[in-house]
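As structure tokens, here come the structures.
Heads up, the next two complexes both have subunit A, just with different partners, subunit B and then subunit C.
On to the complex of A and B.
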């Protein structure tokens, strides 16, 4: 129940600044529009209606979905922990009989809930997932869950640099660029040469590119299991590293000031 | 004698800090050769606190009193020595059973969610500490009534005054009825009437529940109103441990009385010197009684005999080499 309450508070906080939420969505909408116009121009000048097996209309859907996923897979935990460490407010969290990362996960989930609802509705209403049998549906849900957990642990792991770095804001453009390029937010990674296809299994691509293809019904059963297995691998690696680095970080925490 | 609730045994805490040179050249130099230095924030401090005792920790800014609280609550690990609270020998492990028994209010570190009403944070704490709903409702109603903030329970924290926020921070620290309460600057920035309200409430709480209270403050009024015992920390070392009156009698200088009268004295008695028109200084070491007409005395107090005077003198002393 304590984590459920954390989740509820995170959802409430997200809606507390309605203006900010609307502005944020408008900015994302503009980005999507720009990307769509750019890709439509590419289709027109290439004279082809198919690039790497993706048609122009599918590309637009791809860009919309991958940008919604970029909202779901945010880097917020990095800046939250950094702010807690710099202000010394992490002390307050440490004094509660609670697991910091579990609490952080439910906050992360609460903040992403409006976008998860959009993604869930898209899957339910337009995705062909439900026409591919219950094994595929269960596999899809597993991939979604594992990827969400994996990405949270990865971002949490990166957030631990806050114990040693005074400012982590330079990481924001780096992470945005990683999601844009490696996550497939700017273009589907499938247009890369065959020798570079292994990039589709990096953590950012699993969260962006692969989940978009899943919604579009473009992941085969074997690709689905490969993506899930890789996500589990990244998840375990991130979990082990998180435990080791947290132990070291917490000893270097000085609980700044009074 | 009862087993101490808190035992601090020869505890030290050091941390590494960096010094930065000024100017562009200094910044360039620091980029490649940062100057590290080790700061001894707490040095070989030993202390025990009995169950139900109210201990005031006094010290100047950076003296080490908040660090000592962080060592006791397990936020920081001791570099040397041992800290034992209740029956837990390793507060730094922050076991849930241990954290359940302590309440901490760090006035400059907020527990409250800024964009939500205090009630939302308190409900979250109810779940974290597994407080039964009826007990929570009853206790919360009591606390908010005692601290006069019932009406503010549903207002977003960002709209509350500083005093109201401090009171809700105190409620957050008390909501799970801890056995030991740590208060770091509990009355910082709040008005005298709210201060008096907090003093009365904490005194009552200590009396009724025998809750052990550890208090740090720069406001000597807090210490005088609440602490049964004080420990003075200076440059990371404990330099005094005893009652507030014991501190005054140990450090007060020669007995000189400051007297304020309602009108100027026509003739000055022996051993009395004029400070200004109606303000006199009396050398009490040479006299058995005050040589002034009591009907004209407005105020009398011992020069250098208040906690403020003594602490000013103590804190201005150089760190021992």
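On to the complex of A and C.
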């Protein structure tokens, strides 16, 4: 399997640049601290132990898990493709007997492996998922897999803006902010009024909010299937758009060498 | 230097006008980011009217000031910092080193990011509205403006130190995001943090002071922390300048 080597390289690179790994974990720790202390202050001054059915301790666990998930769902493919397009070196990739997006996916998976292991261990050791029967366990794995693929395709689709944008760095804070708000990283979307609950099915929420609730055992069987179905829908939409936009983008690309 | 800076600014403007789509989207993304911060604050304050004595208006003042400082840094320096690491690593500094200019300032001011000007003006407009409501005295208003200027210099110095590390360290890309993460974690009332964290980030690395002190001045509560922020910022600028000079000794040209 030719992409296995790509995956291994990505894992090796992640561990080779241990400084980057440590710094990422430190900054995530900083974000978790900020969110936890802010919410503890809100609990304290609201005079209630319970906000929209969520206790202060549950909120802390939620914030820790959702922030780890934010590491798994990174935006790195955007900046990799942007760099290849800007330098004109995408042509080198196109000449190779590989599919660019398949290679990019295995790199994405390799980079996220340390965090996926942490999430997997948390599911195996702490989560009540395994007490809910094998159908639920298989459904959970399916949701995790489909959501991961869906988010990768979404980020890849966004990365295609590099064909037309010279600078893509402003996308980084925006995607962080979208994950923060729409993904439920700043607060569980369940605390929003009922009229806004449809937000829990947006792609960022599926990756952040729903997978966190899954780990915490707060997702009912029907919610699990609804989330999986929606993730499949987003995945198909992203795949179709990716194909269309890639064709248009590649026409406007000017390469070097080769 | 003033004449050179005017030329660099006009080159930046020409680039921005050449890449209008990029510039427009950058501006829209900036506005979106501010709006998201605003909504998050709205959610916090939907459960309580006050947090450690901070009302929603105070909180709004805090995040708007933090955004103002951040966007002013982005407008003035981020484009130059984005390029500098690559130029150091690829050995392309020769053209500026040969020029009869101060290379530290030349590279720091190499480009301005015009799209950030849109978000800078937007947050400045909102902040003017907030200050009109809070009605600081002229002296406190002066303190506020000084705190904002020191804030911009502080973020510049932090980023300059991190970017210049490329002379010695290659591949530690996550380091470039640390100042940004530090400042976004600091865009909250200092009092939400435990005392130890407060002391570290108010006095040792005064990122919390950078965001909280201007808000205090806007509220007519002047504080001596402003003076400390100024001292630390000048020290960091001096460190970044020495680091640049030492880094040039390590520089290897590609030509």
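By our rule, the second predicted complex is superposed on the first by the 255 of 258 C-alpha atoms of A that agree within 3 Å, B and C clash if a C-alpha of one lies under 4 Å from a C-alpha of the other, contacts with A are read in each partner's own complex, and residues count from 1 in each chain.
The working rule: a contact is a pair of C-beta atoms (placed from the backbone, for glycine too) under 8 Å apart; a residue touches a chain by one contact, two chains touch by 3 or more.
Predicted model, so just to flag it, every value in this text is computed and none were measured.
Look at A:30: by the touch rule set out above, it reaches subunit C but stays clear of subunit B.
In the superposition on chain A, A:251 contacts subunit B only, with no contact to subunit C.
Shared-chain residue A:17: touches subunit B and subunit C both. Once chain A of one complex is fitted onto chain A of the other, the partner contacts of A:89 are limited to subunit B, with no touch recorded for subunit C.
When the shared chain is aligned, no partner comes close enough to touch A:198: not subunit B, not subunit C. Touch counts on subunit A: comparing subunit C and subunit B, the chain ahead is C. In the superposed model, A:2 makes contact with subunit B only, not with subunit C. In the superposed model, A:187 lies in contact with subunit C only, and not with subunit B. By the touch criterion defined above, A:167 lies against subunit C but remains apart from subunit B after alignment on the C-alpha atoms of chain A.
The residues of subunit A shared by its contacts with subunit B and with subunit C are 17. Residue ranges on subunit C touching subunit A, taken from their complex, read 19, 21-22, 25-26, 29-30, 32-33, 36-37, 39-40, 43-44, 47-48, 50-52, 78, 82, 115, 169, 171-175, 177-178, 180-182, 184-185, 188-189, 191-194, 197. Those residues of subunit A that touch subunit C in the complex are listed here as 17, 19-21, 23-24, 27, 30-31, 33-34, 37-38, 40-42, 45-48, 51, 161, 164-167, 169-171, 173-174, 177-178, 180-181, 186-187, 191-192. For subunit A in complex with subunit B, the residues that touch the partner chain are 1-2, 4-6, 9, 12-13, 16-17, 87-89, 91-92, 94-98, 251, 253-255, 257-258. For subunit B in complex with subunit A, the touching residues are 15, 61, 66, 70, 73-77, 94, 96-97, 99-100, 102, 104, 106-111, 113, 115-116, 120-121, 123-125, 127-129, 156, 184-185.
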